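One structure follows; several queries about it will come next.
First chain written, first letter: the chains are A, B, C and D, and each begins at residue 1.
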């Protein structure tokens, strides 16, 4: 029995998607690696629709940061409070500690939680074109050392206190930010909805409210209201060498659909797209090739390639989300598609 | 520019893990496909520990089912209530509808939610050795047709109402069940903790309470209390041809650690391990090979191969979880490991 | 300084509300005790609207139960699994244990959770006209004793394991049921919306989607999508001698608003209305008087008075919810109301 | 039948509680109004324990603010992003708008969320000695007017977008803050635990982990890990004229219990204690009397009376929480207490 050295996940390029916005403008194909073959035609159908509207899919990166929360034991809440206040006064020192760890890491914000005598400090960094997991861990390691020296009554408890939070279903990432926060939106003309999606703006808007909003709330969903963001993100992350376990928080996004002047206003908000164009996993040959073809290895200011990569991830999600929702407005269509594409 | 036909994710076999329980007993290596190379030595360290205790890792599959919720519009809550009560009286008919769709699908339970005039019906199936996404969709499609005939005042709204719920951060899956519910646990002798993990039972138990329990709660976590289940599940799912986006609900599990008689009682509870040894994605050559090597393609009663596969997934998670927690009890160890294994 | 023997919370009777359904039909005034005086005119406005439509507010009690989860330590998950399976086979014995504790308590369902070697058993009871906290505790106390005798390897850990769950923000109560599950709904003619609420069906439906659904999801809400259910429930609970801390789970309900044929379909779904017409707190003179006036001390089959009480609680919520949402569609109206009614 | 003008909720003064910290130091009795009479002896038992330790209950107010989120429709996410960035640059203007509405209201921070073309802006205020609901609404009303003038392309959607969030089970309040954030903690000598609570430090710590942490997580709890904070808060709020529906978010706090050097370290963290010593509901005679007796109507700097009031609320919670947890470590004790105090 010989050892298989890789898991070669089937990959297809789909699109192009027509996008415009503050991170990428143009018509770009996206690579999706998946064992679930119906995903490709689903995204393809959405991509086709983006090309039927002048500006295509409007895609906006509204925030970017990577976080790591460290955990200290203090002598009590009053001590924890004092440290947190003094830390706020010494942010310039903290920033210097971070800058010394990397050319790209910058400390942009700090939040904390005090519970009993525990002090959780959530450091938030900009990390250039890297997704930033390791850069954040290294910087936090140094920050922790600096804090233990500065406030000797603190005791080390953990380099990660789960208030980060990495690859877990939590609320903090959507509220304080982690990864790229990307909004994609398009006004789809009624005729396009009817012809391309065999549905209506009214049916899609109503289904979105009843299924993605009400249905997810009934399921006890957490900052989540969508049909299947996780599918597109996984396929895109695998194709581009990302740490794909970050689809856990990536799956927590919100689809909105409203009828406006008879047309369909359809948007996907993804607060936690965690991708990088450099860093761990990006040295593999096929990954480099895919990033090149996406135009995410160009000579740009630090961060611009990663924002482009994130915007295209979100655009892929929008295409697949629209397509599945439209299919579900018609009895039997989803089942027929699975039969067709998987057998 | 030629199209890359696959994303070949690096894969290593790790272990063997010594396991015992109602789904698998023996010493078995597990395949992990990941871009995050520090994962392999982390799981390897945990696996080594399982081999130092007689029964190894006690692993129990406590439940299994696959779910799909359909969505109807009714004429009002009183109507929805009447349908739900009558459906409960006609479960034998519903079971027949399901059995006619597959040799393996069996309807085992039904839950519902009424919100305004919406009726969400969550069908729960046993699906043999398949993870059962498609089997559940097909059966639900037929159940929906039968219900629309039986109660003509119902109106189709969606084949999926998100009360299923698939690949989303929700509470319903842990409470009502989805996938295999697996508990892994072991009493680790103090000497083993000290020598193999360079830590103590007290330090690991305390860190688990403060980080995985309290820290995740502070982060607004949902039915989740662990350090990084998603990492191991993703790697195992990719290596065995699973629909890896199911790590979203898979990540929602609970790590418990207590000091008992000076030793460390350490358990991982994973309510939503969604895997199959047959079905979509399993026809790829390397997947078949990996499933064979795992012993999950043997001639067993329906479901037994999938339970074995699930138990080994959970065992892999236990190994990686223990190892990371232990590392985080020591300042600097996590950073050093990343530097060592990624550079 | 003399001790004040009560906190006399100001109370007004509001309405009548016109209701119809499986628990109460007629025009009934409701008592609301609150320090927040704007609540009265708010509910009064909603009540007026119910009287402008023939059937008034359609109100359906779709479920009722009271729960208590006990907690055992087992020798491991395999043991916990075995006990849970054997318990399912001995439900008739468990039912007898319960019936021996009260004329009214009946065991209607059991759910469990296994986490490591912990076994949480959630008993669900019907409790006649009592809200049932104490009846459930007493019955669970006896059930626990019976279980500890029947399975001697079990160990007592707690009479409450928080999987009940009482007065906490959790998902389990909405999914498995706790208290009365009540749906209230009405089709409000456009002319009524415009004249009585100075708004439009479109504006209210849109605001509900954006604020109660999307806004609450962004806030990290849990099974909650409403503007202020807690306010009406608190006032009604205080006026009728209820354990008003149960507004915590009571606040977790869903408001839906859709435009249908130009009119407004508006519903409130409250899965956890926890009220009783007898039991603790009901012996106070003013409480008895208020329950009498509500018609909830009549000679009816056990449970009917409590269902009537719950239906009227939910009806009060609907009235206040509609009124506030309508007010918020108009800039400045909320502020003006507060200024008018509080100063 | 005459109308009852109040709901006179039974009230008892309990204590005194010995407290020390940044908001209150001394021995103070607290008033609790409730229909659940076992609450009084429960808090009384906890209070007695605080008087057995020199510093008593260490109580720290770590944050205070009141929030209101307004909701705008924008022309798209890029527009929403631009407004949020420009608002950050014009905070001094926003602060002036707020200061003009009240002598006490101060704008201390702003957070926002962008979802599709919706912009939620969460204003955070200090509000002196008032709980601040109305002060925040008035200030937000003016801020909204100023923003609509400053950015004419914005459209009013709602004075409250539920990202506030008021009286709902959400995560945002714990993460961004709402009300007083209070930590109470005490090291209880083993002998005291054994004699006064008939338990052990080990039993209470273990129960807390298994019930309040693990059990609540299994129940799908949200930022909540306690036995019954809602009970004590409700009783204290009613006795002091507070808007008691705020126990919904008040119930979301965390109890921690650890064995330290053989003693019990026991803390309660309550991030959302929403109380005021002036404002709506405080003009009632008995409320004024109760606030006087609590020492919360003294001549202090603005905010100091409200912080004292919040610290004593949290202290009451600690007393009742400890007492109930201890009782649950002993089989039958809870049931016996209910029988004794309610019959």
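Please note the rule applied: contacts are C-beta pairs under 8 Å (C-beta built on N, C-alpha and C of every residue); 3 or more make two chains touch, one makes a residue touch a chain.
What you see is a predicted model, and the numbers here were worked out from it, not measured in a lab.
Chains that count as touching both chain B and chain D, per the definition above, are A, C.
Two chain pairs are in question, A-D and A-B; the one with more C-beta pairs in contact is A-B.
Chain centres computed from CA atoms place D at the largest separation from chain B. Between chain B and chain C, two chains of identical sequence, the interface residue sets overlap for the most part, with shared numbers making up over half of the total.
Chain A and chain C have Cα centroids lying 37 Å from one another.
Centre to centre, using the average C-alpha position, chain A and chain D are separated by 33 Å. Note: centroid distance chain A to chain B, computed from Cα atoms, is 22 Å.
Contact of a single residue of chain A with at least two other chains is seen at positions 113, 115, 118, 171-172, 175, 214, 216, 218, 220-224, 254, 256. Taken together, the chain A residues at the contact with chain C in this complex read 171, 174-175, 206, 209, 213-214, 216-218, 220-225, 254, 256, 258. Of all residues in chain B, only 21-22, 58, 60, 62, 76-78, 80-81, 84, 111, 113-118, 171-172, 175-176, 181, 183, 185, 220, 222-223, 254, 256, 265, 267, 269 touch chain C in the complex they form.
The touching residues of chain D, when paired with chain C in their complex, are 1, 3-13, 31, 33, 35-36, 69, 71, 113, 115, 118, 120, 134, 137-138, 141, 144-145, 156-172, 175, 207, 210-212, 214-216, 218-224, 226-228, 230-231, 233-234, 238-239, 241-245, 247-248, 251-252, 280-281, 284, 286-287, 289-290, 293, 328-329, 331-332, 334-335, 338, 342.
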